[in-house]
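Take a look at the structures below.
Look at the two complexes coming up: subunit A is in both, with subunit B in one and subunit C in the other.
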Partner chain A sequence: MERVNSLWKRRFLRSSSIVVLAVAWEWGARMHFVSDFLLPSLSSVLIRLWDDVISGEILTGLGLTLLRTLAGFSMAAVAGIIIGVTIARFRAVRWFFDPIVSIGNPLPKIAFLPIFILWFGVFDWSKIAMVAFSAVFPVIVATWAATENVDKFMLWSAESLGCTRRQMLWQIILPASMPEVFTGLQIALPVSLIVVIICEMTMGGEGLGGTMMTSMRFADSPGVFSGIVAIAIVGSLVVKFMEIVRHRLLVWHQESNV
Partner chain B sequence: MPNNVFTRYLPLLLLAILWEIGPRLHWVDPSELPPLSAVGRAWWSLLMDGDLWINGVSSFINWFFGLGSAIIIGVLLGVLMARSQTIDDIASPLVKALYPMPKSALIPVMILWLGLGAGSKIASISLSCLLPVILSAYNGARGVDQTLIWSARACGATDRELLWEVVLPAALPEILAGIRNAVAISFIVLVASELLVGQRGLGYLISFLGEGGVYDAMFAVVVTVSALGFFADRAYLFFMRRTLLWRE
Partner chain C sequence: MNETIFGAGSMTGNGIVFGQVTHTYRPQRGRPVLALDGVSLEVKEREFVALLGPSGCGKSTLLYLLGGFMPIESGTITVGGKAVTAPGPDRGIVFQNYSLFPWKTVKQNVLYGLEKQRKPKAEREQRAQELIELVHLKGFEDSYPSQLSGGMKQRVAIARTLAIDPVTLLMDEPFGALDAQTRTLMHEELLAIMRRTPKTCVFVTHDVREAVYLADRVAVMTSRPGRIKEIVDTKPSNGISRADYINTPEFTEKVDYLWNLVRDEAIRAQEAH
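After this line comes the complex of A and B, so read on.
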């Protein structure tokens, strides 16, 4: 009996914290503990969010943000995987990229933003290029590590069965390194989203980040908060989406059976 | 050995040479990519004028307090969550819900609450770095070998001793790895928040010079910030290895 009780207590606690926070937010805002400007009530934020959904405003912003994110991310994914694989396979490529990657990976790439604006203008291309530049390094690092650490026995067996180099790459190395490469992509996609939002905030050009910044400049705090709620939802959905894709793609891998 | 180091970093040298001669020979427009020597000269004059120092110190203060508070609060909260079922039940749904949020979205709200000065930057950095630290401390402390805890208990360790002498050291590798993530995030948010608003800091200096069209100086500051980020990561890695020496 006590165990059942504690189970219910845990479930209650688990679901309660978010509810309590939401209620405290609404109540605190209504009681005017802080001004409406600093903390608009939760209901007004949600209503605002709903209005923006109905009017389609948020869909435009969302579409722009996601488009930029995906454009930059897919460039980073393709380039990163190609570079990572060639680094692991060719000594000359490794010689060239090794210091560049080891220096480029920990750099705060966002500092290059004004340079990208200078080179690509303030519109979509600079944002996409910035995303690709920021997201490519985790993909390179993951692919490099993965392709280099493919089980030697697997490679030897394939070789002794008469695999050509090309078959080796497409049928052994790439599939075997998929889980790790995908982990790299799972790091790169949220990075892309963060960078897009920062770019939109600094350069404008609408999108979720741009809209939020405009709301801030016009002291429209429900707009700012509905922006942050929308961005939080998009962030979780993107992470969730990657998990589902990972599970789908790696059904054959032992990690899916755990 | 020096020969090895030379061949290893030769690609960077080649890129640097290319950076110098490319704009000089007008392969690329020098106004879009000033030659390396011009950037170097601009860097030197920024250093001598004190611009780099004043803004660097202001950035450093934001970074230090933002990251520092995130580490202290994050480790504390993460360990508490791992040690107490009730706190875990209350906090972990929130942590899980907020973890995937793109952290940069916090900056406008912090500006709204704390204004354009240092406060909003410190708060943005702190909040952005908090979740990775909490999560690593939580995972680290939960992963502590149960036999270690039982043995310590059997030897009569108090709760306090258990925390300081068993749980924290055992969770340290994971915590330190989480903090490394946080260091990377802290630089991103620091620069982003300074690019966005403010009258001080290296990020501000970059956007100020860029808007003024002083591109050689802008490149100089970008290179400086990148170098700082790089060396912070390397220094942290060195510190991390030193701290974990006892684990082989």
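After this line comes the complex of A and C, so read on.
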């Protein structure tokens, strides 16, 4: 019982700065240092959020935002891993992608938004494509580096135990690269969330980003703040979920045994 | 030329023959370096030969060539009369840094080579269990390598290699990363294993005592380019056990003699840098 208590205590202490921030927000808003319009109180934002949850309004928006995020992210994950592996393995693929990746990786991908709207329209597909395009680079880079740098002696060991060149990729190279590939995915996921919100804000329409922009236009600041709180909660949950999946998948990895 | 002299079924049996092996190391930048220069050596079946030399003398390279991991540019290497062209399960290898598959448990690591041999499942399981017990890792079957100490990891690597029952065992400074106490225990364990499952063994090391303690013969290599400088017989002469051997004047003399040979080369290697 003692241990359980101290565990909760530690968890509370770790997130206590959030509590401090929330109290400061509420207190600051109630003291009316600035107008309600500029900074509505946290409680009024939470009440608004709760109302939107009850009415289902925010859930449709949030659902749509999440759907776009995950659709784009999944495409980036699959494409990124395939491209990364083939770059590391085939000279022709490397010749093609190496310069593209070096230019594309640091590029602010959002610059392509007008083009993507032209190509894919203003609805879901342009946003999903934008997410996929932005999130694919960290996955490519991580997979490329990981699969290329698998320990030579591990490959030799497998070979001498009877592993053929065809089996090498699936049986040795991919499992050995898993931790680094997963790190690439963990970088790509928040990128996906950022890009989807930016796209929704610029293009408007359904989705959390669009709703927040509409609220702003109607001078509905609790609506804007409730959007921020909602995406903060959902974003941290999604990232946390990835961490849990990582721990499950990589039980063998050193980090899990510390 | 060795084809005719040491053809299949020759007097060397499953022994190993290095014939005039020369190897040039070509770094991506910088000029090529002659690593091995005409190395000839014969290892008889079930003989334990240590390759001893200063670091950078090409002893590991010679072992990798024997393993088939790198192309042989000049000269020949035959095992049991057959020329080495690629890695194969007839030559099991143990590396210094264990090179275990970290995503597999101890048992899955040991099973890997057996699965490649397509033996029936029950037989594989039994053999893996036997080997895990042979290297004293019973109870750790389901542990991951990251949960084991260095000595235990190397025992897993040895079990994984022995599982496929290779004719020859290649060891690349296998105990170099271990602390002195663990290393001594591993020496005893390796000798015990070799008594139970005798194999031809080529053992690369720069530790003179280790070489004399374990090997039947020690081949001393020169510093770069690596050549065989001298081959010294290190078998205890009166048939005493290895554990007793270590306390005899004979052992000390051999260590002393070999140390002087290696010392000259180590000094030369340092001066060359």
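Here is the rule we go by: the second predicted complex is superposed on the first by the 237 of 258 C-alpha atoms of A that agree within 3 Å, B and C clash if a C-alpha of one lies under 4 Å from a C-alpha of the other, contacts with A are read in each partner's own complex, and residues count from 1 in each chain.
Keep in mind that, in the parts below, a contact is a pair of C-beta atoms (placed from the backbone, for glycine too) under 8 Å apart; a residue touches a chain by one contact, two chains touch by 3 or more.
None of these values were measured; they are calculated from a predicted model.
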In the superposed model, which partner reaches more residues of subunit A, subunit B or subunit C? B
Looking at A:Ser160, would you say it contacts subunit B, subunit C, both, or neither? Reply first, second, both or neither. second
Using the superposition on chain A described above, determine whether A:Asp151 touches subunit B (first), subunit C (second), both, or neither. second
Just to be sure I read the superposition right, which of the two partners does A:Ser236 touch: subunit B = first, subunit C = second, or both, or neither? first
Which partner chains sit in contact with A:Asn5 here, subunit B, subunit C, both or neither? Use first/second/both/neither. neither
First (subunit B), second (subunit C), both or neither: which does A:Pro99 touch? first
Per the definitions at the top, what is the overlap between the subunit A residues touching subunit B and those touching subunit C? none
Note: in the complex, subunit C contacts subunit A through residues 64, 67-69, 87-89, 91-93, 95, 97, 99-105, 112-113, 116-117, 144-147, 157, 160-161, 164
For the complex, give me every residue of subunit A touching subunit B. 10, 13-18, 21, 37-38, 95-100, 103, 106-115, 117-119, 190, 193-195, 197-198, 201-202, 208-209, 212-213, 215-216, 221, 224-225, 227-228, 231-232, 234-236, 238-240
Mind listing the subunit B positions that touch subunit A in their complex? 7-12, 15, 32, 85-86, 89-94, 97-98, 100-109, 111-113, 184, 187-188, 190-192, 195-196, 202-203, 206-207, 209-210, 215, 218-219, 221-222, 225-226, 229-230, 233-234
So in the complex, the part of subunit A that touches subunit C is made up of which residues? 151, 153-154, 156-163, 172, 175-176, 178, 250-254, 256-257
